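Each chain gets a letter, A, B and C, in the order it is written, and its residues are counted from 1.
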Amino acid sequence: MRGRLKEWLSDRLGLESLQHLAEKKDIPVHRHTFWYYWGGMTLFLFGIQVATGILLLLYYRASADEAYESVRFIMTKVSFGWLIRSIHSWSANLMIGAAMVHMFSTFLMKAYRSPREVTWLSGMVLLGLALAFGFSGYLLPWNQLAFFATKVGTDITGAVPVVGNFMLRFLRGGEHISGGTLTRFFGFHVAILPALATAILGIHLYLVQRHGMSVPPSVEDAGGPSRRMKFVPHFVLRDMVGWLAALGLLALLSALFPWELGIKADPYASAPAGIKPEWYFGWMFQTLRMLPSHILGIEGELVGILGIGLGATVWLLAPFLDDPRGRGQRARLMTALGAVAIVYVVGFTLLVYRGAKP
Amino acid sequence: MTQVAALLVLGLGGLAPVAHAAPPGAADTAAAMHAGPAAKNTCLDCHRQLDDPRLSGPTKHFPEDIHATHGLGCVGCHGGNPNDPEMTAMDPDKGFKGAPARKDIAEMCASCHANAEYMKRYNPQPYIFSMAEFRTSVHCKKIAEGDLKVATCTNCHGVHGILPPRDPRSPVYHANVPFTCAKCHNAEYMKGRTVPTNQLALWRESVHGVALLVKGDMSAPACNNCHGNHGAVPPKTRDISVVCGNCHGREGELFAKSKVAETLEFEGKRGCVTCHSNHGIRPPTDAMVGTTGEGVCGRCHAAGSPGERAAAVIIPRFHGFKASLARADSLIGVADRLGMETASGREQLKQANDALVGLRAAIHSFSLPAIETAMAEGEGLAGKAEGEAREALRDWRNRRLGLALSLVVIAALIVLLVARIRQAEHPTA
Amino acid sequence: MERRRFLTWLTRIAGTALGGFVLYPVARYLVPPAIPEAATRRVIAAKKNELAPGSFKTFPFGAQPGILVRAGDGRYRAFTAVCTHLGCTVQYKADERLIWCACHNGRYDLDGRNVSGPPPRPLEPFVVHEEGDDIIVEKAGTS
């Protein structure tokens, strides 16, 4: 019975060629194979976000009058609403964490070398989209922390030269954060960003399939990978172990540390003490915080923004700045740069919480 | 002299229509009233410049005086001629009365303030002073006997800078009244008299004093709210307790119908004051219900009496009810800290607390059936609140159970997958 | 072979169990709860003929109590039941046709205005609709 159904579908959907591709795909096995799993992990967590996000859409209301109450409703009155919402919030953080691990590991393995430059660029765009998802989603519960964190975040956007003010007003839907901001962020979060992400993700995944997995220079120099494992079933089974572990972690976090409701946003109240953005913006926030108010006559914050922008541009152009073969002095410099970047980002993220009470 | 007489005749003649409406003695006052605030007031002009503070003092605040702003100059009370800049303005033949004798002050003020038709010219809804009421007061009685060290109008309201009671600077502004009364009702001033002098000290620390002075609750009573304004009835004349029920309506109503009230009245004892005191009223505590310790019932009800036995029934049940409330509150707190949402539990708890307030009022009926009814209602609500809290905790436990089970399944699946992987890569058979 | 088939069978069981653990909460989630939406702007305060004219009912509205009064003329009026003096829950006195607070004898008229006693402000009024069998109470003002 099952065989007949498969045959019927295969004739109409051309499943055979897909099956052929899947069977052909193999993964190099070497010291650094572990890092190959992180792209799939990010994708898995993104899938969780889509599923839980769609479920939340059934009850959430995106107006300043009702957003907080609808989230409260989900947390208290809807069956397992607390679980769906907590998974969505925790998985967002895990996804961005996984994306960053994926990015740093591909950087250090120089997977961006030719012909994979566009894969790298599309991946950076995807990271940007993930951060945008995080930033827009954070406001949606409309609580005090979210309100003021969004205010601080958009204030910093406003400091960008030339386009800053326009960007601020574009993001906020006006001069100040209001119900209009909430509606706009909701539109970004459930429509615009998903559409963009789907398109870019499609490109990214297609390119990964087309070029196959890249092998790090050190492995190549040692004579290449000792063997290759088949994607189906070996790599996929291993992927699933990781995904199951992630699922278990999400269940644990959601049951033991359900995501907080907070206090409803009150624009007229003073900002709560210790306002800070979510951890994935932490290193940028900490950098700007630590800069003096003026450097060589220019406003400190502006220097910070430009500096971060410069750093991000260098990072983005890594495929073109590095030695095309990934060896030699330039290559070593790039690796060092990668290590410095990791230490800097991790260090400054941790600094945000130094002295902060739990 | 003839000129003067002629002037007088003319003046009085011109006032004839006014004189009809005004009682005798108010004629010249009325004349001064018609003068208007911008009219000449030579009294002020001259006295202002004098050195003797007794003579210049009154001019300092007079322009703010409510009488001045309504057009009543010095002559309105003191008589005389406001247009005459010389000493002849103070000619008794021209109506100059000088400073009235202390015992006559009230009558003088009353000559206008007790006259409804007259007062209505300035306010369609005036306060009409009642000389008859004032005569019932100790202050008035003592002045009539010749004891002048006692309050009359000017002691409370001021004299040459009188402000209306709604003005916070007025000595009879609601929050200022106790301090005005205490200007005389203190140990030093009252030396040689037998009246108590600790009222202000007691009242300030009392729930009413704190409400008015510290919390700014203008509905809290000052001296006059219980003792009256111009009647100022001495406490012993009549039981002040009838006044309490004017604000504490439910308690007053229930108490009035109770056996305790009936008995206290029969025995000539005071009502509310017996248990709650008069000036030093503290916020009532639940410990007051009882015969021992802080319990006030024991002041009259000996052990073994029917009253004491009734209390012995109520008290443990009351504490049981409060314990149920405390339990619900603490369980809700636990659920809160565990991250559960407890809004509906808190709503139930609020209702239960409202029932507690009702029960505390019901105590004043001193009727066991009524108290038991209120108690049962409260216990039901407290039970519901506790139920909600327990359900929240049950949910929390279920979540953990669900988590544990799902983790077991996930762990099992991981193990099985690893086994599968091993088998696929190192087939044994 | 035996072992392999056993493992496969066990994996299928565990997989199904996991599927259950995932799909059961989702299925329950999709079923709307007893009250379809957050009761902060709008509640069903009473049924149509639950209140006789001249009687009242307190009902929960958000986190605070509300009072629904059916006056002698049969019309419904609703207000917050939190007294503006010190927060006690008010009630309706049919004989005086006034809303009364038992704590310190405050009184409000049927428009919510504080007419006697300590309350410094009127009671916040709510909007009442009749929808079929239900008496709906909603927060007044912007929608």
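Everything that follows uses one rule, which is that a contact is a pair of C-beta atoms (placed from the backbone, for glycine too) under 8 Å apart; a residue touches a chain by one contact, two chains touch by 3 or more.
In this text, all values refer to a predicted model and were calculated from it rather than measured experimentally.
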item	value
Chain pair with more C-beta contacts, A-C versus A-B	A-B
Chain nearest the overall C-alpha centroid of the shown protein atoms	C
Rounded Å distance between subunit B and subunit C, as computed from the means of their C-alpha atoms	36
Between subunit A and subunit B, centroid-to-centroid distance (C-alpha), Å	63
Centroid distance [mean C-alpha coordinates] between subunit C and subunit A, Å	40
Residues of subunit C touching at least two other chains	18
Of all residues in subunit A, the ones touching two or more other chains	72, 83, 244
Of all residues in subunit B, the ones touching two or more other chains	343-344, 402, 406, 410, 413, 417, 420
Residue numbers on subunit C that touch subunit A, as the complex places them	18, 25-26, 28-31, 33-35, 37-38, 40-41, 142
Partner subunit A, residues of subunit B touching it in the complex	339, 341, 343-344, 399-400, 402-403, 406-407, 410-411, 413-414, 417-418, 420-421, 424-425
Interface residues, subunit A side, partner subunit C - complex	55, 58, 65-66, 69-70, 72-73, 77-81, 83-84, 244
List of subunit B residues in touch with subunit C within their complex	217-219, 246-250, 343-344, 346-347, 350-351, 354, 357-358, 361, 402, 405-406, 409-410, 412-413, 416-417, 419-420, 423, 429
Touching residues (chain side subunit C, partner subunit B) in the complex	1, 4, 7-8, 10-11, 14-15, 17-18, 21, 60, 63-65, 85, 88-89, 100, 102-105, 117-118, 120
